Amino acid sequence: MERADFRLWQDKFERLRSNKIFETIVIAIILFSALVIGAKTYDEAVAYSGLIDVLDYAVTLFFIVEITIRIAAERRFRDFFKNGWNIFDFIIVVGSLIPVDSAESMLLARLLRIFRVLRLVSMVPELRVLMSAFLKALPKMAYVALFMFIIFYIYGAAGSLFFREINPFYWENVAVAMLTLFRIATFESWTSIMYETMEVYPLSWIYYLSFIFFSAFIFLNMMIGIVLDVMQKESSAFDREQGIGDANDIQAIKADVTDLHSKLDGMTEHIRQLTERHPK
Amino acid sequence: MERADFRLWQDKFERLRSNKIFETIVIAIILFSALVIGAKTYDEAVAYSGLIDVLDYAVTLFFIVEITIRIAAERRFRDFFKNGWNIFDFIIVVGSLIPVDSAESMLLARLLRIFRVLRLVSMVPELRVLMSAFLKALPKMAYVALFMFIIFYIYGAAGSLFFREINPFYWENVAVAMLTLFRIATFESWTSIMYETMEVYPLSWIYYLSFIFFSAFIFLNMMIGIVLDVMQKESSAFDREQGIGDANDIQAIKADVTDLHSKLDGMTEHIRQLTERHPK
Amino acid sequence: MERADFRLWQDKFERLRSNKIFETIVIAIILFSALVIGAKTYDEAVAYSGLIDVLDYAVTLFFIVEITIRIAAERRFRDFFKNGWNIFDFIIVVGSLIPVDSAESMLLARLLRIFRVLRLVSMVPELRVLMSAFLKALPKMAYVALFMFIIFYIYGAAGSLFFREINPFYWENVAVAMLTLFRIATFESWTSIMYETMEVYPLSWIYYLSFIFFSAFIFLNMMIGIVLDVMQKESSAFDREQGIGDANDIQAIKADVTDLHSKLDGMTEHIRQLTERHPK
Amino acid sequence: MERADFRLWQDKFERLRSNKIFETIVIAIILFSALVIGAKTYDEAVAYSGLIDVLDYAVTLFFIVEITIRIAAERRFRDFFKNGWNIFDFIIVVGSLIPVDSAESMLLARLLRIFRVLRLVSMVPELRVLMSAFLKALPKMAYVALFMFIIFYIYGAAGSLFFREINPFYWENVAVAMLTLFRIATFESWTSIMYETMEVYPLSWIYYLSFIFFSAFIFLNMMIGIVLDVMQKESSAFDREQGIGDANDIQAIKADVTDLHSKLDGMTEHIRQLTERHPK
């Protein structure tokens, strides 16, 4: 193939990629693929398993073609991978190519194909905004989670140390105790666990109440605080881009006042000259 | 009927509609209708079912007359339907006209009559404010809900894929699994479901904990964020209307500084002329 | 008693009332009275019931003396009742005077004496701030509660209409159904109630999920929004009083810019005069 | 040892203390110590208990050496204790020195060694920020907690007064009743407790619903409000330090406008002089 031909095809692909109808078809195929995935979980689907497999192959094929078109539409191959959403789509499509032949990998292959539904997130702009807000909140959340993990670890080790003889199902070791503590943090039948240990250690309610105070109140509230913080920053960044909001008015006033200064400096110079020309 | 006569009646209706006493009567009838609806649910009501039916007809009749008056009070028939709250009232009143003769539609007819209580929302201004705040938050909430639906769908399909053999009651297909996941998101006896699957897949706690993290923390917090955002915007919009608050002061300063500029420009011109008249 | 004598005593009472030591004693007696109330709930207290009754009378007597001093310290009797906290204290003290002789009123009398603990709120300034923040949020909360009551009433009437035959314990009439709905709103064993009705109406999950969406998400979030709003307003009102914060800086700039205008007007007048004295 | 020698060692310690590699080693030892603590909770650990004890002694020794270096690096001994985090570390290290010989103190000694994991908080800056945010929120939270304690006490005393005959397990005395109320506040099987008392007092749902309203809604929301307030203040304090944000722009404008005033005053003086030199 000549180079000019290649460029010609590339232009065609580029136009196709940004075509509204093409986008709608892709979204429709994603939704259809989600329905096929859902249908497979019904008992009645066994009768149509041949048809479903064919549809599954067709969807896989379509996704490969679509992602190939989008890669080909880029001037340079590596440009495609500079966009996080492209990498996201690429991993999902390639991940679903794992063969279903062997019985062992079949569950995994089916699981990977379920993730295709996530492509909807990269196709709908409003969902991309939510996703990026979530990703922005993630680092701060990770530190709150680390902090909480330390609290859980300490309470877990202490719980395992004191309560394991009482009920090994809940307190056998630090890992099991931490799972029990997560359960307590969700308030799920936590009182029966507490009443059990209170028979041996009557003051163990302090352990539970202090833990609930730390986990449910501090942790949850910090999480809320982080999410709200990210949302407000997104909102004011949007205002700034649009040139509206208090922050922009303040910036405009600042610039205006600076202008006033330079004007006044000019005037002062003029008046100084005038004064010099009229000696006392 | 002559046109002048019609106009006369219309004026009367218009005055009646905005009459405080008329409004109070309407609210009283709505409350009375709510009581009748509630009374019907008591066993003792069977003895008075004849009386209750009569009251029910009376309330229905009153509502038809009232909405007719409000429609007739409009200069043009279609103006009535330009107000969302009028459409809201109209649908509720017309909806409750479905006949109760046939046994099949009787439940539906009684259900529709229950919705009459909602008319209270359109009559009390403070409730209208809450309702419109809710409606403003709805589009953004819909996207968060869509995002959450995708998460639920993926977890539901994966859960049905892996856990259906363990307990079909919870994981039979993607729909049943999603209902189970909603239950887990509300922390309702979720640990018993987890312990059950952990006997087969010891690592399945990752499935539950990650799901709870996504649903309870992210989803709930985004919802809180959206509601707070809408409330703050309502509050600052109210301040702007009233001409109070920081935003208004900033606007005033901006205008003042702009005025300063034009004054200084005028002065500069004067001084320039003065300087010209006094050559060195 | 002479008028001068009375005035003398009043001054003494006034000094006593604002005395730090007196305040500390009152707080100590309130705490002691709380301990007495708590002690009475223990089985072991029966042996000391004579002593406890004596202590109870002593506390009651002290409170009467204390409130009499505070009333007497006011220049005019009715001034005392202009302060909400005084009325609050007065009602609590007078309420606990109901005699305990008859067996019927004994429970009530003991209940009323429990409320004495609330006097702590009126004595500690930080708690008064929290209480008044709560009272400020109350009217708005009342409307959200009314809105929610309408939602509960509609769902309650509908639930009683459809589900009463399935389980009268939960859905017997609209009142019982609303209590069941409150239980569902707190996520307390709501799935067993849902599974029960889904056997007859397989689509009844829509009823539960939509209700949870309205109640748990909207209602709770609006409540959070209102509390945060009240807290922020309290916080910025405090800043304004103290003369700090952005709002004060903006006010100061506004005044400064207005000063600039009047100065410039003065200068313009001077220059105009100068220009007139130098005709072309 | 000569004084110069001592100073020389001190400098070495100071350099060591702020050495990145040294810090990383300390963090690694803390993590290792956490793993040892966790490992001890497993049944399989009994076989290696000798090894674990040796590791435990080694970690204890390392911590003593490390804190000695950090103390020695200070110019004056008492400077070390001016930093809250140093006191925090010191207490944890000294606390874990309690001997494990006697069987009684063994549990306590092991418990104290668990707290070593908390040293991670003082080593990771992001966790220190979270910790200090938490400590800043604590005083306000303490008042909300006190307010809530009063509510719990009143409801607890009233509950014990009315319901103790119904079920002493939940309502035996004010302390037991308060634990039951905490359970109700977390919505844990609260309806069964309510249904039990409603059989004797049919109106006792008022007790439960009003309590849930106070505790779950008011208390939780105030907690959220306080945490958010602290977070926003931290965030704007950070902005101020960095010299960014609206507050700084407003400060800059304020200073600029003040400058304008002094310039104008200078000009007015010049013009006044000019005018004087040109009498009418």
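Per-chain residue numbering starts at 1, and chain names A, B, C and D are given in the order in which the chains are listed.
Throughout what follows, a contact is a pair of C-beta atoms (placed from the backbone, for glycine too) under 8 Å apart; a residue touches a chain by one contact, two chains touch by 3 or more.
Everything numeric here is computed off the predicted structure, so don't read it as measured data.
Chemist: Fitting on CA atoms only, what is the rotation between the copies chain A and chain D? Please report it in degrees, nearest 5.
Modeler: 90
Chemist: What is the distance, in whole Å, between the centres of chain A and chain B, each centre taken as the mean of its C-alpha atoms?
Modeler: That pair's centroid distance is 28 Å.
Chemist: I'd like the Å distance between the centres of chain A and chain C, where a centre is the mean of that chain's Cα atoms.
Modeler: 40
Chemist: Could you list the positions in chain B whose residues touch two or more of the other chains?
Modeler: If we look for residues of chain B contacting two or more partner chains, we find 187-189, 224, 228, 246, 250, 253, 257, 260, 264, 267, 271, 274, 278.
Chemist: Which word fits the touch map of the chains here: line, ring, star, complete or other?
Modeler: Its topology is that of a ring.
Chemist: In the complex formed with chain C, which residues of chain D make contact?
Modeler: The contact residues of chain D facing chain C are 143-144, 146-147, 150, 153-154, 157-158, 160-162, 164, 172-175, 177, 187-191, 205, 209, 212, 216-218, 221-222, 224-225, 228-229, 246-247, 250-251, 253-254, 257-258, 260-261, 264-265, 267-268, 271-272, 274-275, 278, 280.
Chemist: Which of the residues in chain C come into contact with chain D in the complex?
Modeler: 34, 37-38, 41-43, 107, 110-111, 114-115, 117-118, 120-121, 124, 126-127, 130-131, 133-134, 179, 182-183, 186-189, 220, 223-224, 227-228, 231, 235, 246, 249-250, 252-253, 256-257, 259-260, 263-264, 266-267, 270-271, 273-274, 277-278
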